[in-house]
């Protein structure tokens, strides 16, 4: 019974380890030191640089104030976000910046963090009991929609053949507000676009997904040549624009994105006529307004809705021509570090 | 006619450790412990930290143990990840219609059993390749889960991909713990031990290992191979169904990403633990538990260090290869 | 004979010849019937389906998936089970070609170098498999994880210049069909001839069908493992160039989108996962069929949400029907 | 222990002087697969304490006949008798239950299991403790002892009963398979090419074991291509040709030349 004894010795060993090793020590920072914790969003692109690479603005701010700093990544995955919440509690964070693209688990996370009495600042996605910091997604959507509407009116006299609405339903309410808001905004300028011309599809905020999906829709509507594209982000609208280019040179495309990821810097797609910038990478500069008060022990009163925000970031609609002067997010963050008194909006949004 | 000897010539090195790669894994655990000690300090062994590890080991362990039936029987079920997602979606959506929760859970698990049954019919009944069939099921159910999530009745977040349904009782159950031991983990571990007993000591265990180890030989020995394979597929899908319901309790929602890639991480851990997804009959639950534990422990180290998470995948991939290689050095199964 | 039966018995992946037993032609015929049924049903539903635009849309759907599936099929055929890491060379080449372009490299060295560098991924895989003797499925799972992470670290933002020949390749047409289709067509023809009529090709099949017999008859398993994994990575690298042409913002995480569909295409085409049997013409049809499904769904008015569901169901039904047929002929004979 | 030769006092063609009933009898059984007539009115009788060899060219119907005897396939026509009573096997398990065991050419051992587990696969002994028995807990100790018993009875040496059989040599595996058959088949043991793929020394080992099985008073039937082995071990030889059982010869009365002639058709039966 060599096999059996081996297994059982393993169990015995493990139980010993389990009984002896655990101490009541915690993994938290030294007592008395303020600890700022940041939960990053996840995949790059759909949620900007805050996706994967860390938040240099928050890190620098914490360092400047002599705070401990800790970062986790929600990976745009619900299960990971919940797991991270537990981690943040055990890390005894003093305050948490939460950027979670899977809002369906926010109630659970809120419950855990509330139990540990950790104040939370949420970016862009509202949750009762969390300080709301960010843009009003609906307003941002509408701003972009209006800008696109103007182009559609100017060029096609408000009569596009097709409006492609590139969703990323995984982003939940944000998606509904942004893409839905864009349609609303466009209808403000061109109220007579019939619902039958608006085709909603899943683009996942990713060119590689949005492109083939849009291609198939264009194939199913072969007579439609004047195409307006709205979507959750720039990638979500560039995909459909390219799909139209692939299917023929007779297509005319007006695409307007959100988040400004693909409108800044070089190599901008010619069909991307504009985008709405939020300067997500600079959000943490605003966050310190709230964080400083929390650290002082005088937290501001709860403002947890986009309509009643703790800090409202203004959306910045930018046409492709204006965007030529805006560098990519990494450069912007570096410049923000050089001008700590300003915000990215003040630095870069065209007047 | 020399054929019967040929496979032996091919792998000159024989398995020395019939008990699975337990020792290799233990060595891995010791190494990670030392690394953690160096990086995180003694806090790495704190009850707090252990709780974190075990809390997120519980459900994958449960899923892995149920799925190990089909691995042992030689019919790998790749669709478990999707089934977790589907079960969660069905449960959560039904719960938004305010049906009895037990009924919802029952229906969610039943749904998974139904698809497990389809797996079984295709694999056992039609003799189709298990990897191909369950891969198809993986893709299909992932899609179906997303479709189901669209039918949720909750008004709170109209356009979420997932369905939000916070169930206090279930959440309390899934989050309950005894000191630093989460109850779910205790249950999963108890299940693992029972399973170890079943696999190593009972008639059914012997039969399932025989069917997975050598189908022809098992049939000739008069074992009901088809029935055993079929049940093993039902067990793995049922387990995924149960885990899906529990996930809803833990997360307060079903999410379209729930279970994505889970089959790969769970099976990677089980392979570290001595199971094989290409041939049945090898591996034991304790080894599987250790495999899952070593992965969870390692991710925890990365979490605690606050590493750039992009490195986590690099480390995990390397860890998988290193442990499997070490096991081969100790006489584990070689390829060709 | 006895070697074969013994081999089959040892592996749970019983090699099954898809459709009508021995003949590849029967298999191809069945797939064609399946494809034309789908096209016919869609055309009856909406006559617009039979348009040049639809044809082009389907062809575009095939471009990347098709090339990747050929790489995967080579691995499967040679008994390497599956290569779960093909997304890594795909993205690596995509990013490298963009970087090299931005540095002002001319087309030919750019293509050669970016694709060859991707071949390294295959060599690493083969090293683990051949030298360290780890099962390919575990190796490629590991290198897939690790490689994906490394790519995220190395290339966070790769933007294709819309004026570049790369971007132009993605929207241009040659001989009346999208240019990006030709790599797939050429690879299919090349592989078909290679496997059917060349000695190395036949040896790949031999290595896949029965490694023991192949080894006994003096074929170096190691050399063939290195070669197949290297070439699979190279082929995935070519798909990476097409990916760059289609996707101006290359996101490392996008690579995994193709993993399951390409395995599905290979399986549907009748490649035995145990190695040693499969036909590249059938693979072409299988890719074509799978690429028609999403387009057809849109014509039927279904949300693209349903696409994975149908793809999965089709795979299960096809594999089951085929297995059922094979089983019947086996019991008869 | 009786000498193997003393028990050979029966012949197919003559009523046994002890008027023994054959353990197993096949009378004019036929089997066809589609258009192929694999077996045409083949007959044979198998007696306890006797080794019968079945020889024939490839495609002579040996395997089919063997499969019919072991209950793996059912004959289209003809009659099977077990200890004088007509039987019809629907499934191999019925044959197993009657004490008929088959050792297949590819051994039918499960590589991933230990020797003891292999011996008892499908017939595990349950623990005597009623509680453990209720949970279908097996009694490894008892099974190991039993296996050890039968192995020593047959003089088989195996390194360890607790190791997986993958490491064993071909001869050891074959012996183990025969031992398993012996443990459960108390009437008839069917061997398909027991010495194929084995070296000289290992073959000798296997033949010794077969001899021991005969001494235990079981009926043994074996298919072999190796004339030397056939003459070394068998009491009588059944020659098959083109699906028919054309002749049964007492081994001691026959010669290799005669048998080979019958197989090839050079000698008329």
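Remarks
To keep things simple, chains are lettered A, B, C and D as they appear, and every chain counts its residues starting from 1.
Keep this in mind: contacts are C-beta pairs under 8 Å (C-beta built on N, C-alpha and C of every residue); 3 or more make two chains touch, one makes a residue touch a chain.
Only a predicted model underlies this, so the values are computations on that prediction, with no experimental measurement involved.
Central chain (C-alpha centroid nearest the global protein C-alpha centroid): B.
Counting C-beta pairs in contact, the chain pair with the highest total is B-C.
Measuring from the averaged C-alpha position of chain B to that of chain D gives a distance of 44 Å.
Chain A and chain D, compared by their mean Cα positions, are separated by 73 Å.
The distance from the centre of chain A to the centre of chain C, each centre being the mean of the chain's C-alpha atoms, comes to 34 Å. Residue positions 2, 6, 9-10, 152, 305 of chain C each touch two or more of the other chains. Residues of chain A found to touch two or more other chains are 2-3, 52-53.
Residue positions of chain B touching 2 or more other chains: 1, 3-4, 18, 212, 214, 216, 279-280, 308, 310. Partner chain C is touched in their complex by these residues of chain B: 1, 3-4, 6-7, 9-10, 74-76, 118, 121-122, 126-133, 135-144, 146-147, 150, 212, 214-216, 264, 268, 271, 276-280, 308, 310-318, 320-321, 324-325, 328, 333-336.
Remark: chain B residues 17-19, 22-23, 26, 40, 42-52, 55-56, 157-164, 166, 171, 180, 193, 196, 200, 247, 250-258, 260, 284, 286-287, 290, 303-304, 306, 308-310 touch chain A in the complex.
Those residues of chain A that touch chain C in the complex are listed here as 43-45, 49, 52-53, 201-202, 206-209, 211-213, 215-220, 222, 235, 238-239, 242-243, 245-248, 261-262, 265-270, 328.
Those residues of chain C that touch chain A in the complex are listed here as 46, 48, 51, 53-54, 56-58, 60-61, 152, 156-157, 159-162, 170-171, 178, 243, 246-249, 251, 253-254, 257, 294-295, 297-299, 303-305.
Of all the residues in chain D, the ones that touch chain B in their complex are 92-93, 96, 102, 104, 106-114, 117, 120-124, 126, 135-138, 140, 163-164, 166-167, 170, 196-197.
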